[in-house]
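Written below as structure tokens is the structure these notes are about.
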Amino acid sequence: MSETPSNGRPKIAFFDFASCEGCQLTVVDSLQTHLDLLNAVEIVQFREAMTEKGEDYQIAFIEGSCTREADEARLLEIREQADVVVALGACAHLGGVNALKNLHPLEDTRRWVYGDKADWYGTYEARPIGAVIEVDLAIPGCPIDREEFVRVVKAVLIGKTPPIPDYPVCVECKLKENVCLFDIGKFCLGPVVRAGCDAICPTYGDGCEGCRGFIPHPNQNAMKDVLAKAGLTVEEVMSRMTMFNTYQLQEQLVEEEGR
Amino acid sequence: MSLMVLNKGAVGPLIEALMADYRVVGPQAKGPQFAFGTLTDPAQMRLDYNTTILPPKKVLQPQQERLASYSLGGKPSVEQIIEATPTVLFGIHTCDLHAVQLLDKAFSEEYPDAHYLARRDQTILVSLECLEPCDEHSFCKSMGTLTAGEGYDLHLTDLGLAYAVDVATEAGAQILSDYGSASEAGDGDVRRLNDVLGAKWPRFTYRLEFDAAELPALLSTAYDHPLWQELGDRCLACGSCTNVCPTCYCFNVYDETNMALTEGERVRRWDSCQLDEFARVAGGENFREARAARQRHRFMRKGRYIFEKFGELGCVGCGRCIRACVADINIVDGFNAIQRSA
Amino acid sequence: MKIEVHHVTRVEGHGDIVVDTENGEIKECRFEVVEAPRFFEAFVRGRPYYELSHITSRICGICAVGHATASLQATEKALGVELSEQTVLLRKLMFHGEMIDSHVLHTYYLVAPDFLGVGSVIPLASSHPAVVERALRIKKLSGDVCAMVGGRHTHPVAMAVGGFTHLPSEVELRAMRARFVDARVDMDESIALFGTLPWPEFERETEYVSLKKDDEYALIDGTIVSSDGFSYPIEDYRKVTNETCVPFSTAKWTHHNRDSYMVGALARFNNNYDQLHPRAQEAAAKLGMKPLVTNTFLNSAAQAIEMVHCIEDSIEIMDELLTRGIKPETPPEVDVRAGEGVGACDVPRGILFHHYVYDENGICTDANCIIPTGQNMANLNADMKALVPQVLDRSQDEIRLLLEMLVRAYDPCISCSAHFLNVEFV
Amino acid sequence: MTSVYIPEMARLVGVEQMTATEKLFTIELPNGRSLGHDPGQFVMASVMGVGEAPVSVSSSPSRSNGVFELCVRQVGDVTNALHGMEPGGWIGVRGPFGNGFPVEKMRGKDLLFAPGGLGLAPLRSLINQVLDERGAFGRVIILCGARRPQELLFRDEVDEWVARDDVECLVTVDRGDDTWDGHVGVITTLFHQISVNPRNTVAATVGPPIMYRFVLMELLGKGIPESQIYLSLERRMRCGVGKCGHCQIHDLCCCQEGPVLTYAQSKGVEEAL
């Protein structure tokens, strides 16, 4: 992690690619409870919320997936300038829902949406930004968690590793003493998905969909068995696993085939 | 000390009266399950609960707790934070009571833990005799925790229309006399109590196929048992089994700061030996990398290590870990499998 | 003169303005959507019905609840799922939360800086702390009500086919109601503030399209109506939208009776003024607004009026929920079958359609989403073409700012707009 | 009751860069109080706001002078923050904790020390104590290894040991360079250069996990009894006082029963070595 200038606040900038901008919105929302963020950092670029545009940022927060050639050059420019590049949210971190299109033949996808005008719109497979440039840190989630964003900023300010958990959602879910969804006939990816969201989905009665990506060394086979036992068909199991993690699973397949 | 009788109708008023001066924590419904929580209304208490999702350990060692606050800049000043409020922990089953006694040992040996002990000191334990198995997974009878002779301030046994209250401590006697309206037990009450206690045992079954006292010795020969690999293949390493366990007390410590970096807090949070990062050290080396080794560690701790350290088994047979495991890993089946192959 | 605004700021998503004039003649004048297309309609094919609202809420971080609501409606119609009255009330409450959230974001964070001569809301934190604090307070309130009902605003969790997977407690509802009542002060002050803003003068009448219901200010479901007197059931949405691709935009364009039409707060205000809550009508009077309002810039003022409406209606909804008591319902079992359904909501930026086809296993085989910003695109371009000649005598900077303000007045939600479909259903 | 988790703020009075990744910190407790540690014990060192890490005390109790020393390798958050500190700064200290080396049992015995790399940090404490009471012990053999010459810690002191007549000190590096005219090879290559009376020898070795495996083979090969071989294990620790569970290896609690253990205690414990 690069040093932040001691004489002043670090300059940060926000950028977005293919995404819903919900993560940037979450950043804006974090001001409701953490207005002192504005004293701790200097925001020099944030197109969604401000007109001013400074290019001398040290930390770049990037939301969204890379989905077309034009994105690559812009990403490289940002990497060139920023000391620290942060992938903000699932689209940038994992490819997210954007990568669902990778499950269909590209040509078919384009024609499906734009018909005979498909050639007007350049696009290719959706990828996390880490597939294009080096990423120093990812803040996972769809959308990111407001409190986690603040925790990360504070860690960067004091110069320590941002506390993104390596443990699964079940930990937070249990600590909140939720009724496990498997106990009430539902299903959940919590055991293999990275925590940090305070288990918001199971807390609100819906199984984790995996928006924060898998934990390191997930036992995917055991997870599939558990889901199958909960009554999911093979297709439904794959559907659950791919919702946010298509890109990772496809890469994993390529890797396994390579071996 | 003495045996008293508390009419069931008098329980609500007792709780109500206690609530004025104490935090009263009791079992409450949580969806189709149960959880210990601070009562805001005596009617919330459900003494007919099966078992709670988390054990009452959370009252004595909260999921997350602040250890210290500090200021930064110049010479940091560090203040310890001891958070303890007078608490009545009402209605805990005897398995959990045994677990609290184990936690007491763990937190008072050698380097006493001031944070835990301050809370423990201010907590009055009111336990409840189980008259039938609470849950298909509990195996308290096997672990010898189906009843308790000590460790509580008050102990309740359901006699039908009233509770027999075993008053074990001064503190227990005091709250009962100051806040409740119990009466001395008569001969009839004692007889009924003995009947009730005598009748309950056949309702419980031994689920361990051997004497639990053999566990430490049995496990000392099972380090290389094939069971661990089998469990490791199925285990999701989600940590639920340890998080729900009334005798697990591992924790992690974090520093947090405010945005201006002028002050902060040191906090601790429950941790689990089942998690990938638990034994990872600088340089990335992980001393318990395989899920199989982590499951072994859990079984060993429950059946052997804790015994070696404190002279009591680390498992009280509450069955929570079995219920919490989505991969159906079952500690009783595990112990039995090891015994059968021994 | 040539004006190019690359990536207009303080809007959601990427759009460019291009104006080229020669001797007072307009050669080029258009708004381009350059947002990367995301192809939701293509990739929801093959997904099970219960995932659709969760995936399509990801079209937009600002109107996630709106997308989820329209999506669920489409699925529920396709699969024949009935909603309980409690579910209907909670959906409305959640929807109001998002409406307020989006409108406060737009009016305070994105539009107000233009009038206060700054580039963003950030400097206002020190120059106009009371204004910013109020904005943060309203934003927090709206976010909190969404969180109370659905877990969070951006990509709600608890909204499921047929109902909710989590219910607010009566204690929470009561506390929330009290905060909504307190928010009346903030509403009054907001209206007072917007009354002082020098809205640019610009009139251009167009066709206004919105949903309509007889008994309430239509936001969820209803019929499609136009100020030109047309009316359609929502299943006939294509008769209104008539989408076409345009080469400089990843968003598709729509037109109905005229070359273009407008959707959004101003369209709703014009079409449904009578159903606004009396307090909202009072607010309109304070702002000097009564249908037919034809100044596009006043779309933001109409949003402020709608905020008042949503606050009041939310209080009434919470009263009703508290009177009935929260029933511990869970979403009904879905009888999975083949089917087709259209959902429509009037989300903050205007009318939104989701249209799905499911096979007998409840797997989506076909989908179409038409979002408001796309429908406004042609109208925005027409406005620009009308506005530019009226202001050609001003400096380039002034024109640029005015055009940007015009774009922002539409509150365009560009990431939403960049996924359109023009496929006929068979 | 005072919490055992609350660090005492101690002043950093000296910082010395030793190698590219290691610094030696000299720390003064309030009122010049001595730490009162045994060689091999560790303290929990805190940088408030960042966190806490276990670090062995590197100075000898016999040379306390109101200060103690920590030799710290920069590997993560706390160690980074420590490396960023300058004299005058404040470090939180708890401890000393754990079981150190049993100096009493060593009296009258021949001693064989085998530090590898950073393992010299804790062993230096023991070696200097032994040298300060040189007469109380038999032979003192030091077999010292580092990966490269520039990674060799406490170079001056090691040179002194080499120069002393009453110490047999051999030094090796895995890979040499132009500045190095000493022995080249892994630490185990030093063992055939010495012979010991195994019954009367107590050995102490500290180093990275991989080193243990080979050094232990050598020590056992020389016939030194398992109960007379001491080593120090490093595990993740969050409390240092036997509560947090992180450092438990099999049935051993590293921060209480360790970090110094005999080979007899740790052998066969799969997770230990």
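We just call them A, B, C and D in the order they show up, numbering each chain from 1.
One rule holds in what follows: contacts are C-beta pairs under 8 Å (C-beta built on N, C-alpha and C of every residue); 3 or more make two chains touch, one makes a residue touch a chain.
Predicted model only: the values in this text are computed from it and were never measured.
Think of the whole protein's Cα atoms as having one middle point; the chain whose own Cα middle lies nearest to it is A. Chain geometry summary: the mean Cα position of subunit B and that of subunit C are 51 Å apart.
Work out the mean CA point of subunit A and of subunit C, and you get 25 Å between them. For the pair subunit A and subunit B, the distance between C-alpha centroids works out to 37 Å. Between subunit B and subunit D the centroid-to-centroid distance comes to 39 Å (mean Cα coordinates, whole Å).
Counting partner chains per residue, subunit B has residues 254, 257, 261 touching two or more of them. Residue positions of subunit D with contacts to 2 or more other chains are 49-51, 76. Each of the following residues of subunit A touches two or more other chains: 158.
Contact between chains, per the stated criterion, is found for A-B, A-C, A-D, B-D.
Against subunit D, in their complex, subunit B makes its touches with residues 67-68, 70, 72, 74-78, 80, 82, 106-107, 109-115, 117-118, 223, 249-255, 257, 261, 264, 266, 268, 271, 273, 278-283, 285, 287-288, 293, 297, 300-301, 304-305, 308-309. By the touch rule above, subunit C contacts subunit A in their complex via residues 7, 9-14, 35-39, 41-48, 51, 54-55, 58-62, 64, 105, 109-110, 113, 119-122, 125, 136, 139-140, 143, 150-152, 154-155, 157-158, 160, 164-166, 245, 247, 250, 363, 415-416, 419-423.
Within the complex, the subunit A residues that touch subunit C are 16-26, 28-29, 31-33, 35, 38, 43, 46-53, 64, 67-68, 71, 96-98, 100-101, 103-104, 108-110, 112-115, 117, 120-121, 123, 142-143, 200-201, 203-206, 209, 235-236, 239, 243. Those residues of subunit A whose C-beta lies close enough to touch subunit D in the complex are 158-161. Chain contact summary for the complex, subunit B toward subunit A: residues 30-33, 35, 53-54, 58, 63-64, 233-240, 243-244, 254, 256-261, 269-270, 272, 275-277, 291, 323-324, 326-327.
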